[in-house]
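Each of the next two complexes has chain A plus one other chain: chain B in the first, chain C in the second.
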Partner chain A sequence: MLRYLGRQLLSMVILLLLSSVLIYGSLYLAPGSADAVLFGNHTVTPAVRHAVEAQYHLNQPFYVQYWDWLSGALQGNLGTSIAFRTPVSQRVAAAAPVTIYLVIYASILITIAGVGLGVASALGGRRLDATIMAVTNVGTSVPTFVAAILLLEFFSLKLGWFPSLGAGSGFFSRIQHLTLPAVALALWAAAYLTRVTRTSMRDELRGEHVATARARGLRNSLVIRRHVFRNALLPIVTVSGLQVAGLIAGTIIVEQAFGLNGLGQLLLTSVEQKDYATVQAVALILVGAFVVVNTLVDIAYTFLDPRIRLGLREA
Partner chain B sequence: MSTLEAGDLKSARTRLLVAPKLMRRLHRRLGTTGMAAAGFVLLVAIAAVLAPLVAPYRPNTEDFLAVNATPSGAHLLGTDELGRDMLSRLIWGARTSLLGPAIVVGVATGIAVPLAAISAWFGGTVDLVISRVLDLIFAFPGLLLAILVVALYGPGLLPCAIALAIAYMPLIARVVRSGLMRERNKAYVSALDVQGVSAFAACARHLVPNVSSIIWAQVTVSFGYALVDLAALSFLGLNIQPPTADWGVMVNNETALLDGHPLQVLYPCLVIVLCVTSIAYIGNRLAGDEQGARR
Partner chain C sequence: MSPLLEVEHLRVQLPVGGELRSVIRDVDLTLEPGEVLAMVGESGSGKSMTARAIMGLLPPGAEVGGRIAFDGADLSAASSRQLRELRLRRIGMIFQDPRAAINPVHRIGDFLTEVLVRELGVPRSDAMKRAEGVLQEVRIRDPEHCLHQYPHELSGGMLQRVMIAAVLLSEPDLILADEPTTALDVTTQAEVIALLSDLRRARELAMVFITHDLELAAAISDRIAVMYAGSVVETVAAAEALTRPLHPYTEALLESRPDIAVRLDVIPQISGRPIAAYEVDAGCPFHPRCRYAEEQCSLTPPKTALVGTGLVMCHRAQERLGGLHISGEQNSLADGLGAQAG
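Now for the complex of A and B:
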């Protein structure tokens, strides 16, 4: 088990390192990157150019610059935004809360709606099942940005139930502001999780151990809770974890649609302004979060299923 | 003369007979709903190709006398804030909206299938190395990769499509590889080997054609995902740029929503959803058949 954990963590670290090389390297190669932003159309004397290059370490070889950047990033120093001349970490810290709230809010919605509807669909009557399946069909065929626009139009502009722009301040105002974005973000994943939960529950319901438990006269609720749901949990946890990892890219779209100043919006504006230090930092954070969540899901999977745990020990 | 006519008639008749046969085979694979879905996608594709002929207006013809017009005889779906005909923009928009996914899927499959074949044929270390590299790429979200590439090369269809192709390639390669692995262990492969058929010829002429149904299912499913991702990138302002007509660009029009002309945004939304649903249904049908056959 420990060896498995070690291997999993090692591959995560390798993946993170390679992603960081890719992120840093690709923008390092960008045509006319820092110079153009720094000097614009001004002609500068070689001495000034040299001094500025030294200030931003542009005169060092690639691996030195990369190492400076990475070791800085690990200590929370994400470099200096050349366009704004402010520390990138400041801008990231200002943008991160909105994105974090959004992802947590959407994850809660996905789990509650996905598992709830999936269980209801598996246990309920034929009509309920058909209704829920029809809803999930719609849910999985509406792309996130379309869902965002539709929710904005109907619930914010037509009905006026929710504010259309901004993230709000204070806990309750924030919840009100982030409800539509979180629903847009959660819709696809919740519909998918509903289907996985339903299939998994149905597979377990057909199991012989359930028939045995029923034959022994156990209460139905106990059978469902202890013998069906608990066994059905494995694919549910895996899928919901992977969906949460997928949300990280989705936030970029939702933040743009609802005008939220989160990490995704910061990434997009930085791309537009060719503010490479900020692009690198935000991309590293988003990819890092994605990789870490995926690894955690892999580890959780083995913890949940003793068969996998034992099988690995023998191997 | 008369013999010629008879020959013509015969070939015409066989041609007529071939078409229903093909339709029947398609019907068996896709079902009635699937046939309807395929018909819809085909219709959109034909409209895209024939856009100059079928669209009533050019996509960027502005008519300041009919700004934000409601649907009428002159403009079947109304016009936008510059008086451009919505129906024409939807038809012209189908071009970029379908061309992009075609590039993504073409490039991704073009890299994935040879890689899968090499992986499955040689096995061992080669397979291990290729699989590890694919896992690495797979761990990088496609949308983020596209944003990085745009940061490098500026916005446009090609950078976005190439980035998504790289991101989609591992999944296609993985599925095709597992199909080829099963083929690899069959007796006919050793027979080919004994006959002295080269590895390349064996893969190109026998193994890969034998898993073509798996490849087609993957191509279809990926096409649907690529359509969504590219439209989302257009929506973010990273792919097709306005004023070019593109479905994703047309959805990114919040002024129309705020000014009370939601239809201008809802039409492209509807077209995207219909296309994606149809393609996903066909893809699932094709993939499901494959799984059914395996069991």
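Now for the complex of A and C:
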């Protein structure tokens, strides 16, 4: 058990390091240099150029630059924004809350709707099942940006139930502002999770151990909870984890559509402004969150399936 | 003494791709308290379905006809609550493959005690003690450790013992054992059979033992019901089935059994293929493969009748009883098995 956890954590650290090298390296190799952004169309004397390069460590070899950047990042120093001349950590801190709230809100919606509808579909009658399947069919075929526009058009502009822009302040206003973005973000994933839950439940329902549980006289609700749903959880948790990790990237589109100043928005504007330090920092955070969520899912497996705990089965 | 279990004219149809197909055509069984009845037949002959029908565990959409009575109460009239009550306290079922039948995600202790704790209101610590005791009875070496293990940590034989323990915990009057050793290797089979036999005898439980092994059936049971294509074709005392088979199918089964003492180049088989219950036409289900078949066999279905000491479903049973040759070799073999079982 502990060995398994240790192995998971070690592979997480390695994965994070590798992705940080990739993130830093890809921007290092990308066309256009930091100099061009810093000096724009100004012509500068070699002395000035040299001084500025030294200030941003641009004259150092790649691995030194990378190490400076990484050790700084680990201490919370994400560098200085080239475009704004302010610490990147400040800009990230300002943008992060909206994205975090949005991801949490959408994750809750995905889990409740996906698992709830999936279970209802697997256990309910033929008509209920057909209805839910039709709805999820639509859900999985509407791209997030289309969903965002449709939701805005209908609930915000036509009905006026929800605001169309901004993140709001204070708990209730926040929820009101973030509902449509969260729904837009959750729609596809919830529909997909519904299907996975339904299939997984149906597979387990056919299982011989379910017949045993019934043969022993266990009441139906217990059979479903302890022998069907409990066993169906593994694929459900896997897909939920992947979906939540995927949401972090999905926020870029939704924040744009609903005018939210989150990390996605920050990433987009920083790319446009060629603000290297900020792009690197945001990319590192998004990838890091993805890797961490996936590791959490792997660890959750060990609680769900005792066979994985002992390394008898690969997660 | 009134019978513990009575099955009369049981018919079961299952929905297959929009139509109903017969899986059990006509099954009659009776079982006295403490008696062991073996049901023998090929795969698909309806043995397991009969057990599931008794348990009320048929797949959704199944159509059931006839009558099943347990301890005088008609089960077809029972509410789902009464059926559950029956499964909780009076009928236990052992399945073929313990690895599939025991939920892999719960500990053995949880599995054994879940019915006691969650349905019968036994305090958890008491239930655990009882589970430990019953694991000892099924001869598991370290019961306390076993309670904390997961199913995948035990061998198939151990798991089947756990399954038997689970059934014993509910102190039933009847055990339905559906090929309980088919999934196990041969040495383990013998141990599990001996264990099941001993525990059953000590507690005077009745048992329906399903198998496709006629000799095993004869060794473990008092009576044998031979099934073919969804019908019971012969019901006789266990020893009789091996020595004086009256139904041609039982006879053919006996002949196709390899003998360890005789070297054969070709193992005798029953010619033709086994048919499913829904394929049976107007006549006797076995007539296409029967060496004794006459014209009437393909025209009218035979009725089950008392012939000699057994119930046989064959047009020619009476005349076969008269002219049957009993070989001494088969007799001694049956005696040997009987001694083994004792």
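Note that in this section the second predicted complex is superposed on the first by the 307 of 315 C-alpha atoms of A that agree within 3 Å, B and C clash if a C-alpha of one lies under 4 Å from a C-alpha of the other, contacts with A are read in each partner's own complex, and residues count from 1 in each chain.
Please note the rule applied: contacts are C-beta pairs under 8 Å (C-beta built on N, C-alpha and C of every residue); 3 or more make two chains touch, one makes a residue touch a chain.
Since we're looking at a predicted model, the values are computed, not measured.
**Q** For the three-chain arrangement built by superposition, which of chain B and chain C touches the greater number of chain A residues?
**A** Answer, by number of touched residues of chain A: B.
**Q** For A:125, is the partner it touches chain B (first), chain C (second), both, or none of the two (neither)?
**A** neither
**Q** For A:23, decide between first (touching chain B), second (touching chain C), both and neither.
**A** A:23: touches chain B, not chain C.
**Q** Check the residue A:46 against both partner chains and state whether it touches chain B (first), chain C (second), both, or neither.
**A** Neither chain B nor chain C is touched by A:46.
**Q** Is A:15 touching the first partner chain B, the second partner chain C, both, or neither of them?
**A** first
**Q** Tell me the contact category for A:226 with respect to chain B and chain C: first, second, both or neither.
**A** second
**Q** Applying the document's definition of touch, where does A:305 land relative to chain B and chain C: first, second, both, or neither?
**A** A:305: touches chain C, not chain B.
**Q** In their complex, what parts of chain C are in touch with chain A?
**A** 55, 57, 84-89, 92-93, 95, 97, 100-107, 114-115, 118-119, 150, 152-153, 163, 166, 170
**Q** Could you pull out which chain A residues touch chain C in their complex?
**A** So the residues of chain A touching chain C come out as 207-209, 211-219, 222, 226-227, 230-231, 304-307, 310, 312.
**Q** What residues of chain A sit close enough to touch chain B in their complex?
**A** 15, 18-19, 22-23, 26-27, 29-31, 140-146, 149-150, 152-153, 157-158, 246, 248-249, 252-253, 256-257, 267-268, 270-272, 274, 276, 279, 283, 286-287, 290-291, 294
**Q** Give every residue of chain B touching chain A within the complex, in rising order.
**A** So the residues of chain B touching chain A come out as 136, 139-144, 147-152, 228, 231-232, 235-238, 248, 251, 254, 257-258, 262, 265-266, 269, 272-273, 276-277, 280.
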